[in-house]
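Chain nomenclature is as follows: A, B and C, assigned in order of appearance, with residue numbering initiated at 1 for each chain independently.
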Amino acid sequence: MTGNVTGGWNFVVAAYAVTAAVFVLYGVSLITRLRDARSRAAEER
Amino acid sequence: MIAALRKELLLQWRTRAQFMAVFVFGASALLLFSFAVGPNAEILRQFSAGFMWLGLLLSSTLTLAESFHAEMENRALEGLLLLPVNPRTIYYGKAIANWLQLVLLGFALVPVMVILYDAGTTKLPQLALVIMLGTAGLSAPGTLYAAMTSQVRSRQTLLPLLLFPLIVPALLASVKLTSLIILGDPMGQLSAWMKLLTAFDAIYWSLCGLLFDRVVEE
Amino acid sequence: MSTTKSLFVRRYVPGLVLLAIGAYFGFVVALAEFNNINLGFGLATGLQAAIAAIAAVAGTISFLIVDDVETSAKGPNILLVAGIICFLIGSYIGLFVAPPEQHMGEVQRIMYVHVPTAWNALLAMTVAFASAVVFLFKSDWKWDAVMEGSIEVGVVFAFLLCAQGSIWAKPTWNVWWDWDPRLTTTAVLLFAFLGILALRRFVEDPVKRGIWSSVATIIAYVDVPIVYFSVKWWNSLHQTQSSPGTVSKQFYLPLRANAIGILFLMTAFIMLRARISALRLKQELAPPPLVEAQLGEVV
């Protein structure tokens, strides 16, 4: 290690925020796409 | 298999104007790299190996795409497969033919590299070996992906898109080895990288051959 | 009705049992140790950790294996909620309860999300590889759907990994990218699997699409260790700094909680994405409606 790293809360918050954002956005996109695909399949019938 | 290889080589000989065009493309790529970096002789010499292999890699997409062009034009692939020939033989015939073309291209680009980047070396046999091993690493997966993408729209973008991430180890090894040959090898890393490159070639020449008949089955 | 219920139980019980074993060795034993109660059957801590990890992964993946991608999304939705809860717990502990590390200070907390994401990204790629192999052998469309799902999830996780790695690298080494072998391999993997997704998008025949992308997935996955070693050697002369290291023993609780949470999320994502793929496949493989109208019930 190159020594003590002071501060850095901003980066921690950024990392957690990015992680949460990716999970939420991807999850929501999946649920939306699934709903669309289901309704389209129901229409075709 | 010799017959398959002969057919490929005959085809390539007939279209040898193609080779000239690809060589000019590769050489101009090397020229463009030096413009991008600037006329600093030291820097150019240090990165000469990288430039040469990048130029070779970019040119290889043209060569590889061409190798299935004839089959696509004349729907000859289906005809080929109807013959009582193992598809694997067709694969190895094409892969070897592509490899030979790339080796030739590599050899042709060496003088360009020597002149533009002042990157000469006396260890020519080692350099030749590295070029042969490195291009083999490009040719095996490249031929497989060329077979796939030749039947698809957007084939020109798909082939490099699929190939480039895959051949990273071969590229790293080839550039490193070439660099060690040109600039010197104080720590004796040559054999380790040779082993890596050879292992890569062995794995992919067998794996791609194994998977090829699934790729072309109807 | 009782037979379907027993079928339901039979399918999910093995997974739940495995998860229980994982939870026991992963959390219960550790928490008991804080109160000096020994529940570990005399096994070494390393072995306990290994059992916990294998049991948790096997249990969750078993849900994926028994999942029928044609049914409703109740299963994945349950997993999704469980994953969110575990991830929130783990992140809370990691952010506010765990003490700052000796050398790296607060930045160490990034490891509590980065390391679990890394494990799960690799797991997603492995699921893709396994699905590809199974699909080539069995030609069961479920596995083509699962493969497409796990490739896309793997791409999302790999991208996330690169973002987290960059955010970690800046305060630590003052550069946005430090060519760490693990992270660089992830970047190469990201591009490789993006290429496979592009391949799937451009091939219209479902059979060709399935076979070609399976072949490409196998080739790309086999490359992963080779890329890792080549980048490691390539970098070894310049890498004077150590890479994001493993977490020391006192900090494993938030790590494990997040690992389970993200594992649940990953599996739920794959199951949902596989359902989307299965619906599209059904449309493509079904006879065209005009033919049905003309020929009626004969088709």
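One rule holds for everything that comes next: a residue touches a chain if its C-beta (ideal position, glycine included) is under 8 Å from a C-beta of that chain, and two chains touch if they have at least 3 such contacts.
Bear in mind the structure is a predicted one, so any value in this text is a computation, not a measurement.
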If a chain touches subunit A and subunit C alike, it appears here = none
When you take the mean of every protein CA atom shown, which chain's own CA mean is nearest to it?
-> C
How many Å are there between the centre of subunit A and the centre of subunit C, using C-alpha atoms for each centre?
-> 14
Find the geometric centre of each of subunit B and subunit C from their Cα atoms only, then give the gap between the two centres in Å, rounded to an integer.
-> 34
Centroid distance [mean C-alpha coordinates] between subunit B and subunit A, Å = 39
Sort out for me which residues of subunit C touch subunit A in the complex.
-> 73, 80, 87, 91, 95, 103-107, 109-110, 113-114, 117, 156, 159-160, 163-164, 167-168, 170-173, 241-242, 265, 269, 272-273, 275-276, 279-280, 282-283, 289
Given the complex, residues on subunit C that touch subunit B span 136, 188-189, 191-192, 194-196, 198-199, 202-203, 208, 211-212, 214-216, 218-220, 222-223, 226-227, 229-231, 233-234
Residue positions on subunit A within touch of subunit C in the complex are 1-9, 11-12, 14-16, 18-20, 22-23, 26-27, 30-31, 33-34, 37-38, 40-41, 44
Hey, which residues of subunit B end up touching subunit C in the complex?
-> 141, 144-145, 148-149, 151-154, 157-158, 161-162, 164-166, 168-169, 172-173, 176, 189, 192-193, 196, 199-200, 203-204, 207-208, 211, 214-215, 217
